[in-house]
């Protein structure tokens, strides 16, 4: 893949990846018995399973159910907690010598601040990704993203105190997605990860029960690709200079190219990697093949290349 | 764990079951009973997750050397597709996956308890145990005669065997739980292995704990990846020191577990019948009999 | 289907359907050369293509693109306008003698008021469905649903002046979906239609262009079923007595049963009908077969039957 | 319009094209050239929209009575699946759909202009025109020799035929547009029918309007339903009285249109080359020559 890397490098305003295909949060174990068939060295980078201060056991099972061209899952942020992550997972990731983005979550503003603080001057962390879909105990358990002012508080606090570039991971569930994104940039966000899994339910009609132990989980996989593309497109058009990592249903090089054309600077792969551990490498190869075929120099050159049809004046005479 | 594009050597029906034998020399040498395979689904389908099946046979010698067999009963879309697979087609296979059954070193008489397709991995285990000079007895249960997996082979592999069916169409009418006590007595089993429904597994676990018989069970928690990436397949496992429990991945730390360490009340939450009652403390679990 | 009807009737707090399967808005032409293979007489009811005061030519083509288990489309509310609808389409629908729900949209509050006014005392209209995904010219073209206060104004005004039961069609793109729904009920809404197609983009990587003439369209089909179920479930749990029509990816009786279990009082079918014109009838049959197998008397009895697993106390000793 | 589960009588390759013949007596009697069929995709696939194909043949008499043939070049997932269909399988078919080509009553010499698979519906039209005693001449174009659809049949059906390929591998090198003027002269065509790419259709339309030759074209606007429900397939059509235009459904009011009435600037928006220029007024369109 050496040759591949040379032509596929991307630069997200200072954050560089050898190629634009990363592992999405929560879809690549970083435990000792970790990535299995996924070849860490050939990833553009890794976003960790979302990390919380204290270890979390996560949700009861079943945690996943298959749906049309996708899956609904709720793992409940099971993670080893800050200390064990720093002691065990991080060193292992550093050995792999690839960019590491740590996804962080808190159940209160203070927890976000404490975890960001604890991480911001550690070796081997290249960026933070702020997860906002978790329950906000200070607001009766509604997700942090439910209120712009709350997003503002969290993103502002984390960005101010961390020297690391901060990516905000937003769900598509915001009518004023673009406005919220603008807000985050004013608060110091370096960029965005679009999108998080989409809240969804699957029902077992035989047993008259939700398929998951925690009824409403997150929909991921090819089914949501057009939704993710829509979110990336809208934010990228509004803020072309702000790095966006596109994520949602990407399983082929063509899928990734769709995101890069829509305005993403890099992409993340989740569900596809669960089904095909070599998906990230195949996707990077696919991007390279596409660039070659189109005679385009680098992934970054795809950004803004999407030809939008102008508004169409109605012919005057039309009654 | 390897991923291979494996040719199907043989695909056939066994009563209600389907059996698929693949050519996978890279995997065949290393597989052990209790481990499983992950099969990729075809492209352009609306169902995309891999499907998982215990290994029923691994041939290391003779004409079938380097082949693996797995067995399944068609349930939904994925197994319906697999049931149509013909010889000489190719499958996307990852394996061997998961932890295998442990063999007892000192203890000698083993009772294997299987329900439905659970017999597939246990017959494999029986062979390996006998190859190690252990005595093997079996309890094989199923709904009906057609659902009893390879009864002849079961007889061949075991010193004594009790076959039970829910409708009494073969062997005694009832469940494996009805005949287990008498089999435990008659065989003086020192070790129990089981592959069955969760609720049956729980009952077996309790029976063995009462009688202080070490046991191992294999579980079928749905798995999104099967290779340790996603943490969707966890089972609540009591820590060895009794200091608490952890949700461990059935695909990586399992699917074979010591049932004494499974926190059943929590794991079986999704079983309608079971109320979630917090257990009062955890037993300190004896290590597997060395 | 006579027998079928007898056992499948539903009552949405006064609005009755012979069976709970309706045609979704925009997916069943009511023109002269209309419903083609769809047997109007065997539908539980019809929601019309969304109606505007003036005739609308809709968007340029292409208007539809296929995606994984779904499609992205943007028709742009092409419709004959109020007058022609009343003169031509409505009489035709009345002949079919089935419940008619007219979907209405405006580009301003005033337009909503005028169209609701014009419709509210016409014969042959059983309910209104308020479409909120259109551009709000008084708010720089953002969708009406983008602001709770705007939803409040529109739904309040329409509900006050119309004697017809008013259903509000909401997109899933609301972080505070449940709160918004509560607001609508306070404003006089009779019930909800959940969900509208999900904003989405499809990209043509060969031609470096969006697949649709208007880039961001609406994702529909099986892909969005879990998202729609999630929305229905959340609103139904919060307001069990408010009628909900579930819509999104329903193509089989089982799909419909999932919605009824999640809390829907009836369902609507769109994309599935485009692919299989007899889908609504097959779905109604499927519901009937399910009820029979489970020994449940009527579709309404499925509501609230979903067994939710209680919150799980952590065992004390856990460290 | 009917929906039938039709058995495949014959499925074969014709160069780069595939031909499928189905048994559908309920439909075969009523179909006319220019009408099309809608084919349902199989269940459990990630692609679900029906695919649409012009009718190439309808046999009403003889051994093949009651059969319909359509022809396609594999493009994407749906046609890839169709290309695998074998005889005796069944297809979910809706048809006949759309408006057919109109036959001229008085006028006699007809020039049929086809690109690629566009020849399929036009050969059907040629037969019907000849059966009505009309003179038929043809221009058939394609990229390469392999893409020229049934050249022999083309010759058989036409008084004179001009075959052109982009690479010159068969007939003259060039596009149908290059030879059309000379063919119009040589044949003194009074009516033109065309099935080709949109941009080619536009050029043909302009050519015919210049020369005041009535013409009809069939368009391939993507269709989500094909049966008039969804309005995704519209074409901007100038009103007869020139008072404006309407977006009409190609599946119901088309796919055959009088090109003089198509508002090309608006319809071809999605063609990169075409800039959206509002036309200065609309021509009042003469009715189809009675």
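Letters A, B, C and D name the chains as they come in the text, with residue numbers starting at 1 for each one.
The rule is simple: contacts are C-beta pairs under 8 Å (C-beta built on N, C-alpha and C of every residue); 3 or more make two chains touch, one makes a residue touch a chain.
It should be emphasised that the depicted structure is a prediction, and the values quoted were computed from it without experimental measurement.
The chains that touch both chain B and chain C are A, D.
Relative to chain D, the chain whose mean Cα position lies farthest away is B. Chain centres here are Cα means. That of chain A falls 46 Å from that of chain D.
For this pair, chain A with chain B, the centres built from the Cα atoms lie 36 Å apart.
Centre to centre, using the average C-alpha position, chain A and chain C are separated by 31 Å. Taking each chain's centre as the mean of its C-alpha atoms, chain B lies 59 Å from chain D. Counting partner chains per residue, chain D shows two or more touched chains at residues 46-47, 245, 266, 269-270, 272.
Of all residues in chain C, those touching 2 or more other chains are 57, 60, 68-70, 207, 209, 213, 221-222, 307, 309, 312, 314, listed in ascending order.
The part of chain B that touches chain A in the complex is made up of residues 1, 3, 40-41, 46-50, 94, 221-225, 227-236, 245-247, 249, 252-253, 266-267, 269-270, 272. Of all the residues in chain C, the ones that touch chain D in their complex are 26-29, 31, 33-38, 49, 57-58, 60-66, 68-71, 73, 75, 78, 207, 209, 213, 221-222, 271, 273-278.
Put simply, chain A touches chain C in their complex at residues 57, 60, 67-70, 72, 142-143, 145-147, 171-176, 198-203, 205, 207-210, 213, 215-216, 219, 221-227, 229-230, 232-234, 249, 254, 257-258, 261-262, 290, 305-309, 312, 314. Within the complex, the chain D residues that touch chain B are 44-47, 77.
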